Structures are given as C-alpha cells and as structure tokens.
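Following this line, the structures themselves.
Look at the two complexes coming up: subunit A is in both, with subunit B in one and subunit C in the other.
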Partner chain A sequence: MDYGIEDKDQETVVRLRGRLTFNDHAKLRALIREMLQTKAKRQVLDLSALEFVDSAGIGMLLIAREEMSNVDKLLILRAAAGQVKRVLTVAQLNKIVAIED
Partner chain B sequence: MAPDRPPMDHHPMEQPRVAALHGLGVPPERLERLSAALQLPLWRRGDSATPTRGAATVLALLDGVDSAEAAESWARPIAAWIEVGTLSDAALGDAAGRARRADLFAFLTTATANHVQLAARIVRAITDLHPLPEAQRDDMELAFHEAVSNALVHGNLQVEGMKGLSVAALERFSQDLAARLADPAFANRRIEVAVWLEADGILVEVADEGPGYARPEHMEFGASGRGLDMIAAIAEELQLLDGGRRIRMRFPL
Partner chain C sequence: MSYDRSFRGSHEGGDHAPHPAAELESLGTVSPAAAEKLPVTADLLSTWMGYADVQRRTLEAIQHELSRTSDTVETATLDLSSRFRELAEKAMEQSLRVEQIVSMAGSIAIDGERVPMDQLVVGMQDMIADMIANIVTLSRHAMSMVYLLDDVQKDVSELEKSIADIDVINRQTNFLALNATIEASRAGEAGRTFAVVAQEVRHLSRSTGELADRMRSKVTAVVKGVRNGHDILRQIANTDMSPQMLAKERVDKTMESLVDQTNHFQSVLETAATVSSDMSSTIGHMVTGMQFQDLTKQRLEAINDSLAIMSAGLDELENRTRVELPASLNGRVPQEWLDELLGRFKLSEMRQRFVRKLLLEGTALDEHGVLDVDAGHDDSSGGDIELF
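Here is the complex of A and B:
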C-alpha cells in the first residue's frame, strides 16, 4: 500500500493506493503519526484507488479512527469501491466509522 | 501435514493430473534425481511435448523466492508448487503424492508464501481454470487471503492478533511479526493449500504447522478477530479440522 497526503484548511485528505493487508503495519503506523501532526479536525481517507483490504487492514483503519478520536479528530472513509466497499459492508464498519460515498 | 484424501463426495470434472516436473531455481542434479524418483519427465515453458496437452498439468519445485516471484511461475500448465527448502527426497515425494490428488496444490514455507502473496496467486490460478464474475472472485480472494493469513500469522508464526485499538497494539504486532519472520524455526514452517474444482463448487483446504486453534464462543473484537467471521460470511461451508490447523472452505460456482 502507498499513500499521499493533501493537507487542506478544512480537512486532511489521504489517498490510499494498492492493497492494504497485515503486511502494511509499518506504513499504517507512519500514516497515523503523520495524520496526528496535521491541523485539520477532519481526516479523510480516500479509498477510491485502494484495490484490496483484508480484516487486518480493517483493524488498522479502526486503530486510526481511535487514535484520531483520542485527539478530537474525526476519521472519515471516503469513496470505497469494489472489493473494498464490499469488505466495509461485510465488516459492518458503517456502525463504527463515518463512511462517505 | 495430514496427507488425507479429499472428502468422499469429491467427483472431479476431469482427471488433470500431474504429468511433468518443472524446476524453479532447483539445482539440476537434484531436479534430475527427483524427476526419476517421481517418474515425471522434466518440462520447460515453450515445450510442445505431451505434458502440456489436454488436462495434464505440471508440478513446479521451487527453491528460493526469486524464481517464485515471476507471474510465469504461477501460470498454466503449472498447477502445483512445492518449495524444496530443507525437505528430503522422501518428503518431497509425499508432497508430490498429495499434489497429484488435488487440482491445484501449494506446499511452501511461511516466508515464501508471505513473500509471493500466495492467496492472490492461487485465486488467479483458479480463475484461469474457471473464470468468475468480479464480485465472486473478490469474495473468494478475501476468504482465501484470510485463511492463508491466519495460517501464516497466527498458526505458523504464532503471532497474536492486535489487542485493543491503539498504535501500541499495532507496534507490538509489527515487532512480533518481523521477529518471527526472521526466525527460521517459525519462518520455515509450512503452509499447504489444496484446491479441488467440483461440478458446482470449489473446495479449498489450507493447513499450517502451528499449535492449533479453538474458535472461542465469545470474542472481543479489537483490531483483530474478524477474519474467520468474514470467511464464514462468504464461504458456503467452513470447517476447522486437525485442532484448528486445517480449514476447509467451499465456494459455490
């Protein structure tokens, strides 16, 4: 998985690309650290270019949500498609995380 | 690894079966010795010889990850992959025997299976044999990936899931995973994947050499613990066998 961060006034948008699986633990740690350093309250993960996510990837997204919440930031998952959208549904993540189309 | 047979109701659509041997990074002398012992002629891609005709398939013996990375190493007519590693000729013969009973078969070390993303490779091999609609393929890849990840991470590497929802839990997981992958005693443990294509479904077994697993009655979800539930939501059948060291899944076609 790779990512690019765009820091705007109102929100930080992080675009994830590729496959997000248990092997991406180090990248997720780095990403969470970077997100915590930005100013915006709204932290948006743009999932439109993410091709595949597994249960550990979902777990790491939940860790990101929790870490943002601890510093009064809001994590939003945006524009999931295909397999990623399907997994978010199977895992019923909409009950826990803010999801936008 | 239990060398048992596929379930009683298994009716193969055809009898593909291993008809030749292909070496991927295996020293020539050993490859020739194994070719004689297994009574399988050697095959090279581009050969127009008999082995590639009809439903006949090729068993690839691999040594090291370099040769296992090329997409070509996972393409038809190769349908079985056995990593040589530290296996004796007798153990390789046993594994080849199990490969002959399945439509697709892989017997790799944990390190190699993780490195080559085994689940995605096998799903591609399945869809090469039997094209599937995208949504069905995606679901099967997820279930497959979860089963293989469980076998590698929790089974063979004995790394516990992420407990709690914190970066600290993620760091602990990172460190444990890296440490175990660097320890040959864990990283050389084997994963075995067997696939049988049936008339109306795909049967898959994934086995590991870990301490086993008992599904708890009640599970506290932290950042981990969703994999098996996801498989259950996707697969038509799900069974844990051999004390949790082997998972059997069935997907409708």
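Here is the complex of A and C:
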C-alpha cells in the first residue's frame, strides 16, 4: 500500500492505493502520525483506489479512528469500492466510523 | 307415443282401415249405442284380435323393461354414490394432510421446539454479525498489541544500549581507579589513604560491572520473550479473516433463497389444500345430484302402473270380444307391425326378451333371425349395441 496526502483548509484527504494488509502496519502508523500533525479537523481516507483490505487492515483503520478521536479529529472513510466496500459493509463499520460514498 | 307411431307404421299403404284408437274407443265405451249390433267383417275382427294380443304382450314387455331399467339405474347410482363418497372422504383426508404440511413448512424443529423460519434466519444472521464484530474487535486489539510491542522492542533495545554504556563508563572508572592506585603507591606514605580510596573505587567498579552483567542477562531474556511474543502476535494479526467475514454475504443469500423457497412451497401447498377441499365439496354436490335416481324410479313406477291398467283394460276387452266370436275365428298375427316393432330394437339382449314375449309365447313365426344361435350368444355383456 502507498498513499498521498492532500492538506486542505477544511479537510485532510489521504488517498490510499493498492492493498492494505498487516505488512503495512508500520507505514500506517507513520501515516497516523502525519495526520495528527495536520490542522484540519476532518481527516478523510479516500479508499477509491484501494483494492484490498484484510482483517488487520480493518483493525488499523479502527486504531486510526481512535487516534483521531483522542485529539478531537474526525476520521472519514470515503468512496470504498469492491472488496473493500464489501468488507466494510459486512463488518458493519458504519456503526463505528463515519463512512461516505 | 311409440305405441301410436308403431301402429300407424304398420298400416302404411292400408289407409282404408279405421283408426285403431277410434275402434278401441267404440269397443270399450259402454253407452246405449253399444247394445246395438253392427255388422263387422271376420277379417277386421281377426286383425283386431291379433293386434290386441301383440299389444298386450308388448305392454307387458315394456313394463318389464321399465322395471329392469329402473333397477339398473338404481344399482349403478348406488354404486356411483358410494364411490363418490369414498372419493370425497379421500379428498378431505388429502386436504387435511396438505394443511398439516403447510403448518409445518414455515418452521423447523430445533431441540423439540418449532422455530419459525424467518425467526431462525434472523437469529443466524445476528449470530454471524456478532462473530464478525468479534473478529473486528480482535483485529483492532491485535494491531494495538503489535504497535505496543513494537514500542517495547524499541525501549528494550534502548535498555541494551544503556547497559553497554554502563560497561564503558565502568571500564573507564576501573581504569581511573587503577591509575589512582599506581599514583598513590608512588606517593609513598602520603598516598596510603588515597590508595585505600582507590581500592574501594575498584571494588565499586567491579560490583557495578557485575550488576551490569546481571541486568544484561535479564534484559536479554526479556528481549527474547518480547521478540517471541511479537512474532506470535504478528502471525495472529497476519491471519486474514476477511474471507470469513465475506462468507456472511453468501450465508445471507442462502438464507434469503431458503425463505423464498419455503414461502413458495407454502403458497403452492395452500393452493393444493384449497383445491382438495373444493374437490371434496364438489363431490358432495355430485352425491346429492345422484338423488335424481329416486325421482326417476318413482316416475317409472307411475308409468308402469299406467301401463298395467292399460294392459288389464286391453285384456278385459279382448276376453269380452272373444266370448262374442265363433271359436273358429282366431286372431291374425300382425306381421308388418311386428317387423316394424322389432326392427327398432338395437340392443340384442332387449330384442331377445321382446321376441320371447311376443313370438315364442305367441303364435307368430320367427322371421326375424333373433333366435339364431349367433344372436343368442352375441351379447353376453348385455349392453352391446348391434348395428344391423
């Protein structure tokens, strides 16, 4: 997995690409740190280019939400598709994290 | 009606003959005019006597046929009614059975308790949802642990480095204490107390070295444990459970199909139960409809009674006429009439009975071939229609 950060006034948009699996855990932790540095309250993870997420990936997204919440930031998962969307749906992640189409 | 027509038929081409009904009426009427003697030809009387004989026999045969027909219809109707009743009972039984299936179709027995299908499906879906929620929670906790142990590993490495730093410092301290001892011995008596201090510092340095060694061995054990734990945790966190999570989609679809199919079966069975019930009631109506036989029987009996009265009247008239006639005058067989009458019977069994009554018991000759051996054996079944 790799990512690109776009810091806007209203929100920070992070575009994830490829596969988000356990192997990306160090990278994701670094990303969380970067997100914590930004000023915007809304932290958006754009998942449209993410092809696959495993259960560890779901765990990491939840950790990201927690970290944002700790500093009064809002994590939003946006535009998930394919396998990622299906997993988010069956996991009923919308009950825990804000999800946008 | 058939009597009338048959009679007239027998007289085709002989329009000079008086109407038989008129003749019968004049013979039977008891009026002052009857006492009056009228000139009648022997030929006419002979013809009349012949007709009278055949007509009486015909009437008897017809009565007999009517009784037979009534009996046949009665037997057949009773048989049909009982079969229809049986059919109605079976249709009702079937309807009950199907209703039983309908009541069972929407539910499944679990531990002796009937659980409705939709409730079962919702229960199973909830169970799977809980399972997935647990997987998500576990994954999050596993990742938190991974991050924690990542940090611990870093801290432990720092600790190892710190112990190494202590060793360096200790070696320097030891070296300094050694130098101090050497310098103290050079100073002689004046350095004696300083030598004691230097010696103490060397002792301290050795103790510090030993402490550092002990710490190193413990820290090494901790590092080893943390690394092992980290590895195991990585393996756990690295086990992807997303396919198991996505299995919910398949289970949901299967459940949905199962419910749809059950509902379909149930509606089809409900229709079948209604049809069976309708059949049963229709058959009931048919059994009621069979009561026409009763009415038919009564009508036939009334007709037979009328025929018996007619037959008796005819018999009486015939006898009265015979008394008036000379013994030499016999009734003449009305051959044309007989031919016409017997030609109408298409059922050979019935024809035979008429022939026996009209010909064998009478004086007429067999000119109709009905007593042929073939004709006699032809209709063991009794109902065959003979076309001739």
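FYI, the second predicted complex is superposed on the first by the 101 of 101 C-alpha atoms of A that agree within 3 Å, B and C clash if a C-alpha of one lies under 4 Å from a C-alpha of the other, contacts with A are read in each partner's own complex, and residues count from 1 in each chain.
What we mean here is this: a contact is a pair of C-beta atoms (placed from the backbone, for glycine too) under 8 Å apart; a residue touches a chain by one contact, two chains touch by 3 or more.
These figures come from a predicted structure and were not determined experimentally.
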Will subunit C clash with subunit B on subunit A after the two structures are superposed, or do they fit? clash
With the two structures laid over each other on chain A, which partner does A:59 touch: subunit B (first), subunit C (second), both, or neither? both
Examine A:25 and indicate which partner it touches, taking first as subunit B and second as subunit C; both and neither are also allowed. both
Does the superposition put A:90 against subunit B (first), subunit C (second), both, or neither? both
With the two structures laid over each other on chain A, which partner does A:67 touch: subunit B (first), subunit C (second), both, or neither? first
First, second, both or neither for A:82, with subunit B first and subunit C second: first
In the overlaid three-chain picture, which partner chain does A:37 touch, first (subunit B) or second (subunit C), both, or neither? neither
Stretch in clash, subunit C with subunit B, out of 38-46, 74-82 or 146-154: 146-154
Common ground on subunit A, meaning residues reached by subunit C in one complex and by subunit B in the other: 21-23, 25-26, 29, 54-56, 58-60, 62-63, 83, 86-87, 90-91
Mind listing the subunit A positions that touch subunit B in their complex? 21-23, 25-26, 28-29, 32-33, 52, 54-56, 58-60, 62-63, 65-67, 82-83, 86-87, 90-91
So in the complex, which bits of subunit B are touching subunit A? 114, 134-135, 138-139, 141-142, 145-146, 149, 153, 161-162, 165-167, 169-171, 173-174, 177, 222-227, 230, 233-234
Can you check the complex and tell me which residues of subunit A touch subunit C? 21-23, 25-26, 29, 53-56, 58-60, 62-63, 83, 86-87, 90-93
Going by the contact rule set out above, which residues of subunit C touch subunit A in the complex? 129, 132-133, 135-136, 138-144, 146-147, 150, 234, 237-242, 245-246, 248-249
